Every structure is written in C-alpha cells, then in structure tokens.
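Shared between the two complexes below is chain A, which pairs with chain B and chain C, respectively.
And then the complex of A and B:
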C-alpha cells in the first residue's frame, strides 16, 4: 500500500506540473484576451478597465496561484469567449467522449481479441498472413481518413447512418467504428503475440499433456497470461481517448472534449484550454492508477 | 513450401493496397444522393462553431445576428435592400431641426415573450444596458455619441472601482434617452450623426425585457427576453440550438415554421453531405472546390444563391513601419498585383477590388488608380531605395481558405518585382492580437464586412488616424492623414446626401493616393438552399432572414 501512496503523490505532482506548464504556455501565446471581450469600437480606457477586471495586470505567479486555489475548489473559471462555466462545459462534453470511447474500445476488443486468438492458433497459415496484412493496414490508416471514407460511403452515399451530429445513439455507430477499426489491428497483433508466447510456455504444454482441451487451455491458461500486456496498453489508450478523440469528433461533428479543446485553442480561450488540458491530464493519471490497481488484482506477484 | 510462405504476404499486401486504392477511387466517382426532406416543420441549418452569445447586447457576428433576429426586434430594419424601414416604430423617426434628436413613435400591442407589453422606456433601458460597462457589450462604442452616455459610463465605472452600490452615483441614467410616455421614445445626440439611424438598426439596439435582463444577467442568452416570433428552447453547447415559435408573438406576420434548429460543429464538407442527404435545409458556406462542382451539377446548381457581400478584402501595409512607411513602396505593391489572376485563384468568388468601399454601397465609385504594371512597380521600388526588393512576412488567417490560397498567388506576384514574401499563417485570435498592435506587423491580409450600410462603417472604423489606439486598433495600416480625418468628421455631420457622398469620395481619393491598402477583392456570398424552402432571400445586410422562411413541397 506504501507503493500506492507514493503513486498517488506522484500523480498529484504530475497534475501540478501539467497545470504550471499549460498556464505558462497560455500566457506566452502572443494574443490578448482583452481583444475578445472588447469590440472593435472599444476605446483604450475601456480595454484597460477590462484588463484590470480580468486580473491580467497582476504578476504571473499571483495569477497562477489564484487559478490553482480556485481549481482546488472545482472552479476552473469561465470561458472568455462564450462565458460558459468551464467545469460545466467539461461535464456536458465528457459524456459524449466517454460514450464514443466506450464504443471504440468495444470495437477494439470485439474485433481484436477474436482475431488475435484465431491467428495465434493458426500461426503461419493463410488466415494469419491475411490478418497480419489487414491489421497493418488498420494500424496505418489515419483516423480522419478512415472516418471520412466511412462517412462518405456509409452515410452520404448509402444513407445507412446519419452523416454527422448527435441526435440519437445511431449517430455514435460510425464514429465508434472509425475509432475501433483503427485500434483493432493493434490489439489483434498484441493478443496474437501474447497468446502465441503463452502457448509456447511449459505450463500450456503440461496442461495439454494432462489432456486439457484446446478451448480450456486457451481460455483458462493462455488468455489470462496474455491479459497483462493488453491491460497496460489498454489503460494508456483509454486515457488518451478520454483526453479527446479529436479527429473522430471533428469528422463527425460530435460535441465532445476533443472538439471543445480544438475550439478553445482556435479562440485562444485560455480558461477553457487550461480546463480541458488539466482534465485530460487528470484522466491520464487516473487511468494509470486504475491500471496499477488492476495489475495487483490480476498478478499476485505485484501485490507481493 | 517455405518460398510460398515468404511470397504470399507480399502478394496479399499488393492485393489489399490495390483494393484500398480502387475503393477510394470508386468512392469518389459515386453520384451524389438526392436525400428527401425529413419530416417536421423545422428549418435546419449548420454552423461551423458555436455562438459566442445570443444576447443582443453581446452577439457581434454575421452568424449570430440572423439568430438574434428570430427572438428580438428593434425600432428599425431594412427593406429588401439597404433602405431603412420602420419595424417596431410606427414610422421612421422625426428629427429635430438641429439634427441632434430623433423621436420614435412605438407601435401598440407588441408583447415580449413573457406576455408583457413593450413600452418606450424598455428601449431606453436596452441602450443604457449596452452603455453600462457591466454588460461588456462590444457594441457600446456605436452609442457613445448619445448625450450623457460618457457621464453615465464614468459613474458606473467609478461605482465598480470604489465598490459602491450600483446606480448610487449621478447620473443614474443616460440623459439623452427619454421616454415621455409609453409610446414615445426620444434619442438626443451630442452632435448630428448621419449614420445614427443605421446604428439603430443594429441588433445591439433590439429591445430586451428589462425584468428578464436584470434577472438573468450574463445568462440572458439562454432565456426569452425579446418580442420576436421565436424563443430559444434548447442550447446544447457545441451541438445544437433550437428555437420554437413564441406563444406570445403578437404581430400579424406570424412565422410559418414550428422551429429553427442550428446544428453546431459542422464543417463545410460535412455540411455539404448533410445538405445533399436532406439533413439540412440550407448551408451558409460552400467550400471553394465544391462550388465548381455544384455550379456544374444539374440538380444542385439550382439551389445556389449568391449575392455580392458588402465587404472589401485587402492587404494592409503598416504605414508606421519600414519599408511601408514609404508611399512609393505601398504604390509599388499595388501595381505589382495582378488582381484578375488573384481572383481566378479562388474560383472567381467575388469581384476585383480597386476601391475601399464595396460596390454594394451607394457611395461606391469605380476607379483604378493602380493598374497591374510590373515595370512601374519595379521603378517605384528603385526610387524608394529598394532596387533589389526586400523580404517581408505576410500575416494570414489560417482558417480563411480563400486568403491562404490567394496569399500564395500574391507571393508570386510580388516575387516578380523583387519582394520576397514569407507567409505567416495564424489562428484568427493570434493574428488579430498581433496585427492590431502598433508598430508590430508590417504586412497583413485583412478583410472587413460592414456592420451597417454606411461608408463611415468602413472609412471611420478602418482609416481614421485620430482613432488609432496602441493595441486592438482596427486601423491595421495605422494610417493617419489629418486631411482625411477632417473630411470624414465633416461627412459624419453632413445632412445632404449628395454632399455627404462627395465627401466620402474625396476621402477615398486621398486614401487611395496614400495607398495604405492594396484592395484585392469584394467577396460574393454563396448559400445553398433546398428546393422545398420558401421565402428565403439573401440580404445585403443580414445575409439570411430565417424568420420569414417556410417549408413546402416534398413532405
């Protein structure tokens, strides 16, 4: 448990570091947030007043500490462009990203694990070679290209799915497929190599020698051993996904975290940029902690 | 066997690659689907980005204004052109002999969405709200010429600084705004301003219900407070804005639509696909490559609407910074540009610009001070001490596809006379912040769309030297000519239209001779409207007036 406490401390420090980095970068950008507030007709006096109200005249460290103390209370400020409360903006966008991510992960695993198992059992055969080729193509496809192609073919030309937006669950199918198909190839290869390794282990040979059936050997012995590397990668990938599936969201006009972050950057909406980046950092840290915990559950050696 | 194993993946890869290429090519060759009209009496349109605000005091862009007009109305509007017509006023206002005061008679029986009658004092409240620093209205500058506006603003600023209760200091109201009875509203100006009635037609001045505005403050955007035909019923940030018919709309021109829905975050390409599939009734932006295809498409070419926009896109040369502090260099740049070719680069989406004012304006006068002449450009550069040209960065806004494309062609034109241009493409916020700062950016690709159809909205805002500020200046060229300033000040007060027009032409003569700009083109607005949409026309000021639209036909 001591190790876990240390991990927690590191996580907090990571978040602090991320916040300082983003805050410094946001202040270094050569753009003036006052210009966003004040219209083209505003005079110098009005602009100076707005600058003062926004606290932009205070020293850097004072602005940073003020931000941190507010953030600690859950107050990430307001957007300087839309006046939206940042924490509310994140909480309304996050479910979309979460739903899309879950959809993507389901496709990853639903496609990746069976193909990985199938190819591991048929190493060197035609099905393995074809799966390798397809997986490599999947891994290499840029997500925005695949998204556009699926959108063009299945939504625009054939009308099987809606083109974009989020009016119902049907709107999430194509984006999830896009996200999932790109990642599935990678998971198929991962499962393939892990299971292949496991199948070569002595304990599998022993189990087979003792008369265990292939299915039992695969599901009870080989797959659990192959899960550990899968979990490591999955943890990191899910964190990345939650941080913003930027391209998929923008291709399919989904109002998620990625779209919010991109728009904030284009508007130089500093409080919103800070909020989305910190939230993404929090997700990465949290996902890593959860993976750590799961490790301890799955692999008794780590617990020891 | 072994050799077969080695060879197979290679052939498989080739086969797969072939499949991908073939499928991609064929995907591009497919015919566009027609897409029938979805059920319902709701008008659907896209928007690339979410609205900053729908509060009439705050909203300040061409995307938000047509939506503000669904919910709010003002004293004056435009007819089909740029002619002012009464709206909530019974007639155009009467004007005092000294030209400083306007009296409006307000129509009876107009109700806010809450059901309460609209009174003259509500208009006074609306304008005071804009002028109040607390509202942070970007439109306050338009109304500062009202008598007592500055004193009112200073009192509110002092209250905020000294943390005094609001409206504790005098003056508590703007003295130039008066409502002697429920149906009479007077505005008194410090001095005559011939553009003021056009300012009064801006959505900033659309009447808001004071009780709602006080109650909701910054959140007013999300609550009904106007007297327009629709009310906002849903705003899911980043996704959708929905307007439904207002139950208390009291005027005879009742809307024919049940609702209007704006789908947010839709880029041009996706909007095009959704439009063709019938998921959208109208699109307000057409990507440049699509326009060529659509113009040649038997079905979609009939859906294209176009109108010249009241806008000038130009190269701004910072007159305070070398090498552009020399008028000969600025003239050389003007001569070096082959504007006809530049326009072809963006598929001819507009008209060649050789003036400051766009042709949509009554005061426009065609001219061509700087015909394309490379030899003349080179001679001017040599005269200015740059026989071998110079290097300069051109600041371009990254998400204006036409600007980026044209900037590359400008690079070639200027290269021919020895000016080596490096393109600096930036997000608008960064671009604007840098370009509007004094002595900071020498050369920028800029553009201006009118707020209201009056030459002062171009000349005074963009070229008056006495309005230059150190930061956030609209005069990107930091051009200052006291003679121009004097003519423009005189024009603002000149009541006789012909004389006023002459003054603006004089000012334009002076500006063009000084060449702080190289005008490039006046863009054309293009929209695509489905065949089942009725009553929609492009408007030179508002772009679209969705409140008048109805859906018919293919249900």
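And then the complex of A and C:
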C-alpha cells in the first residue's frame, strides 16, 4: 500500500497545482468581477470600495493563499451574481451530474463490450467492418446535436422517454444514452483489440485444446485480458466525460453541475466558475484514484 | 464527447483491410471536399450568409422550408441555411486548424523536451501536464472562453488578398483559438514524450552521441525527424477534436459570436425551431459530423500506415 500513499499525496499536489492554475487564469482574463458585482451604473468610488472589499487590491499571493485556506475548509466563496454559496450550489447539483455520468459509463460498457466481443470473433468479416464504420461515426457525433435529435425523435415524437427536466430516474435514461452512445464505439474497438490479442495467445489456445467451450474461453480468459486496458482508458476518460455531461445537461435541462458552470460563465460569475472547475478537477483526481485502487485489486503484479 | 478519443491501433485484419480499401483515401477525399468548400464558399454559396431576406420569412415571420430559391430553407432571421452551412466550413477549419497547430506545437515541444532531457525537466513538465489533464478541458474552455469577454482583437490578415477568409477575429474567436489550444496539448505531449523515449534508445542515436554529437544536434537531426510521423497522426486527430470543441463552445454561446455562421452556433440558434423547422438544425449538425469523421478517418488511416506494429503482422 506504500505506492498508494504516494499516489494519494501526488493527487493532493495535483489539486493544489490545478487550483493555482485556475486562480491565475481567473485573474489574468479581462472579465472584471467588480464590474459584474457593481453593475453598469456604479461610479468609480463604489467600484473602488467593492474592489477593496473583495480583496482584489491585495498582492496576488495573498489573494491566492486566502482563497486556498477558505477552500480547504470547504468555503469556495459566494456567487457575485446570485449570492448563492458556491459550495452549496455545487453540492445540490452534484448528485444529478454523478448519476448522469454513471449512466453514461454504463452505456459505454453495455454497448461497447458486446460489440467488441462480437467483432473480435468475426474479425475482418462484414459485421466487423460495419461496426468499425459505425464506431467511427459514433465517436465523431457532437453530443449536443445527437441529444437534440434523440430528444426530438424518441421523446417528443414517439413519447418513449420524458422530454426534459428531472422528475424521476426515467428522465435520466435518454441523457445517459446520448452521453454513452458517443463514446461506446471507442470502447468497442478497445475490447475488440484486447480480446483479439488474447484469442491469439498460447494460454487461450491451450484452454481451447483442453476442450474449453468458446463461452468459457471468452469469459474466463479473453475478457479479463481486456479489463486492464479498459480500466486505464476509463480513468483517462473521466475528464472528457464531464465535457459531455455539460452538453447533455444543457440539452435535457438537467439541473447538474455542467448547467451550473455554463450559466455562471454566461453571467461572468468568477467565484462560481472557479468553484465548479476546481470541484470538477477534484472529481477527476478522485476517479483516477479509484481506478488506481481497482488496478491493484485486479492485477496482483502491482500489489506487491 | 468534445474531444474525440484516439482509437486504439490494433493492426488487426479489419483495420488494415479497411485502410487498404481506403481509410486514408476516404479521409483525404472528405478533407479535400471540406477545404474546397471553405475556400470557395463565397463563389459556390447561392446567397450571402448574413443577408436577411424578406422573402426568407413567411407571413407569420417563420423560417421557410427548402425551396428552389433557398435549397435548404431559411433560418429564423430569413437567412439562407445552405449558404450559412457552406460558409461555416471556413470558421470550422480555420478555428480547428489554428487551434490544432497551437495545441500540437505546445504538446510536441513539451513532449520533446521532456523525453529528450529526462530527469528534472521531464519530472516538472510531466507534473504540469498531469495538472492540466486533471482539469476537464471543456469546462476549462467554456470558463475561459466566457471570461475572455470584452477583449476585441480585430486581427485582419491584411497581407492576404480578397479579405482572405472574411473572418473578423473578434473577441470570441481569438479567445476560442487561445483557449482550445491551451487545453488540448496534453495528449500530444504524452505521446511525443513516449516516442522520444523509444527513439533515444536507437543505435544511431547512441552512435551519434559516441561520435561527440551535441544534444541540440541529436535532438534536431535524429530525434525530431523520427517523431514527425507521430506528430502528423496527432495533428490530424487533434483537428477532429478541435473542430468538435469549437462547435461545442459556439453551441453553448461562448465560442464564435453571432452573426458569424459557425455550425455550433447555427445548431444553437435553430433548436427552438426544431419541431416546426428541422432544416435549421440538420445541415450544420451533419456538417460537424462530416468534418470530424473526415479528420478521424484520415488520422486513423495514417496511424495504421505508420504504425510499425500494424505493418509487422
């Protein structure tokens, strides 16, 4: 577990670095929080007073350390537009985003693994080539466009799913499908290549020679071989998944963090933007830690 | 997803079969088509992308469906959808291309230095890369594209004839280029670094060092040329990703500002009319898909062609 402790420490440092980066960028861009907070009619005197109250006259390091020490206590400040407490705004919206993300990952795997297996068993045949073409188009679809199309066809016209909003878990099905279908092709190819590799290897041939059925070979030998690469890519994709979540929430009017982030950007609400970006970074780092932990469970070589 | 993941190269029969039967060719044809449309848009588009035609709206002020005059119909302001979609190729390719160049240049440089010099250079550069990777690129991009608000940079390329692309690189556009470039370089950095690490162990590099070749000489004469194929593949796939990212940012209203005919912006403007006028959203959506598929196909084809692992089988 020594390796894991080092990872943990390193994750904390990564977050620290991310906070410095985000803080610097927020100070470097032209958008002025004072102007947003004070409104267009404020005179120079009022602006100066607000600037002082916000602590924007202090040296950069002082501002950063103050932000950091508050953030460490879970205080990310208050929205300068709605006065909402940033940490509360995030915690009320986080469950929606988490549910949607999990839904997306489930669709990735539920669509990707079977197609990957099917194409690995039929390498070079027609079904394999078509799956490749469809995967290629799939990973190239803009999430927001696919979302609108599915929403129009399946929800509005056919009424299979609710159109938008979040009143029950059924409202999350179509958004999860949207999110998942875009990345599924990638996972299909990944499973395809790891399983094909495994099927060519000696231990699988031995198992076959000893009379193991195809199903057993696939489930016991070939699929576990695909698990580690799958996990690696999954960990790396969490950050990208959050990107898809932003669009999906926007299309289906889900009250999640992505919608919050977009709204606060359009409002030029600097504290809220920094809070959501940093919290997202926390999620990515945490997800990678979990993946790392799973890795150790699955692969005994790393545990040593 | 905003950034198209790089498909794994497994060099199996199906991939290679497809690449032989034309993965690269299909990609090239599509890219060529796109580039031609972008370049020739003012001549092939039947109307101006910005003109609001009085005849483009019906008596109730609603967009008109496809007709002989407006082949793909008109949008909510009476503008010709076909002309806007064709002109959209310019924005998409320019933003995608420039942002890709920025991202690939930053990423390759970081990867090259990191892999070649190793030790503390490598350690510190890779730490920075990891930090940037922990920040969700899209979230970072929308945050800072939005915060660029207010900065206007009229960057008209005066040295080019005929207003070259007629693009005023305003507020959004410069911000979008910067932001996409700044969040998209990490993948390239990691891949180039790995490539450099393996090239560094080649015998001719050892030989050159033994003969007294300086670091700079080895870096530019031996390592760089061997990394270029990898960079080429990355650049192509990065273009697919940046085109998707630009469309996404414009869709969210923090990308290329209206009235410029950006595909993402067109989808966003058209979606309130989806039920009564689906022709507003379909063409720009299909255009984005085509552009992203084109560069993904080309990138995958190149990767298959250049991957020695695939060739060996």
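We adopt the following convention: the second predicted complex is superposed on the first by the 293 of 304 C-alpha atoms of A that agree within 3 Å, B and C clash if a C-alpha of one lies under 4 Å from a C-alpha of the other, contacts with A are read in each partner's own complex, and residues count from 1 in each chain.
Basically, a contact is a pair of C-beta atoms (placed from the backbone, for glycine too) under 8 Å apart; a residue touches a chain by one contact, two chains touch by 3 or more.
This is a predicted model, so every value here is computed, not measured.
When the two structures are aligned on the shared chain, A:34 is found in touch with chain B, with no touch to chain C.
By the touch criterion defined above, A:186 lies against chain C but remains apart from chain B after alignment on the C-alpha atoms of chain A. In the superposition on chain A, no contact is made by A:4 with either chain B or chain C.
In the superposition on chain A, contact of A:203 is made with neither chain B nor chain C. In the superposition on chain A, contact of A:266 is made with both chain B and chain C. After overlaying the two complexes on the shared chain, residue contacts for A:82 are found with chain B alone; chain C is out of touch.
Of the two partner chains placed by the overlay, only chain C lies in contact with A:281; chain B stays clear of it.
After overlaying the two complexes on the shared chain, residue contacts for A:49 are found with chain B alone; chain C is out of touch. Legend: residue contacts after superposition of the two complexes on their common chain; A:129 is shown touching both chain B and chain C. Under the contact criterion defined above, the residues of chain A that touch both chain B in one complex and chain C in the other are 29-32, 124, 129, 132, 136-137, 148-149, 152, 156, 250, 265-266, 268.
Of all residues in chain C, those touching chain A in their complex are 1-5, 7-8, 10, 12-15, 17-18, 127-128, 130-140, 142-151, 240, 244, 247-248, 251-254, 264, 267, 271, 274-275, 278, 281, 285, 288-289, 292-293, 296-297, 300.
Taken in their complex, chain A has these residues touching chain C: 13-15, 17-18, 21-22, 25-26, 29-32, 119, 123-124, 128-129, 132, 135-137, 139-145, 148-149, 152, 156, 182-183, 186, 189-190, 192-193, 196-197, 229, 233, 237, 239-244, 246-247, 250, 258, 261-262, 265-266, 268, 270, 273, 276-277, 280-281, 284-285, 288. Those residues of chain A that touch chain B in the shared complex are 29-32, 34-44, 46-47, 49-50, 81-84, 89, 92-93, 124, 126, 129-130, 132-134, 136-137, 148-149, 151-153, 155-157, 159, 162-166, 250-255, 259-260, 263, 265-268. On the side of chain B, the complex with chain A involves touching residues 5, 8-9, 12-13, 16, 20, 24, 27, 30, 32-33, 35, 49-53, 60, 133, 136-142, 144, 157, 218, 221, 236-240, 263-267, 269-270, 273-274, 276-277, 279, 399, 427-430, 432-434, 436, 461, 469-472, 474.
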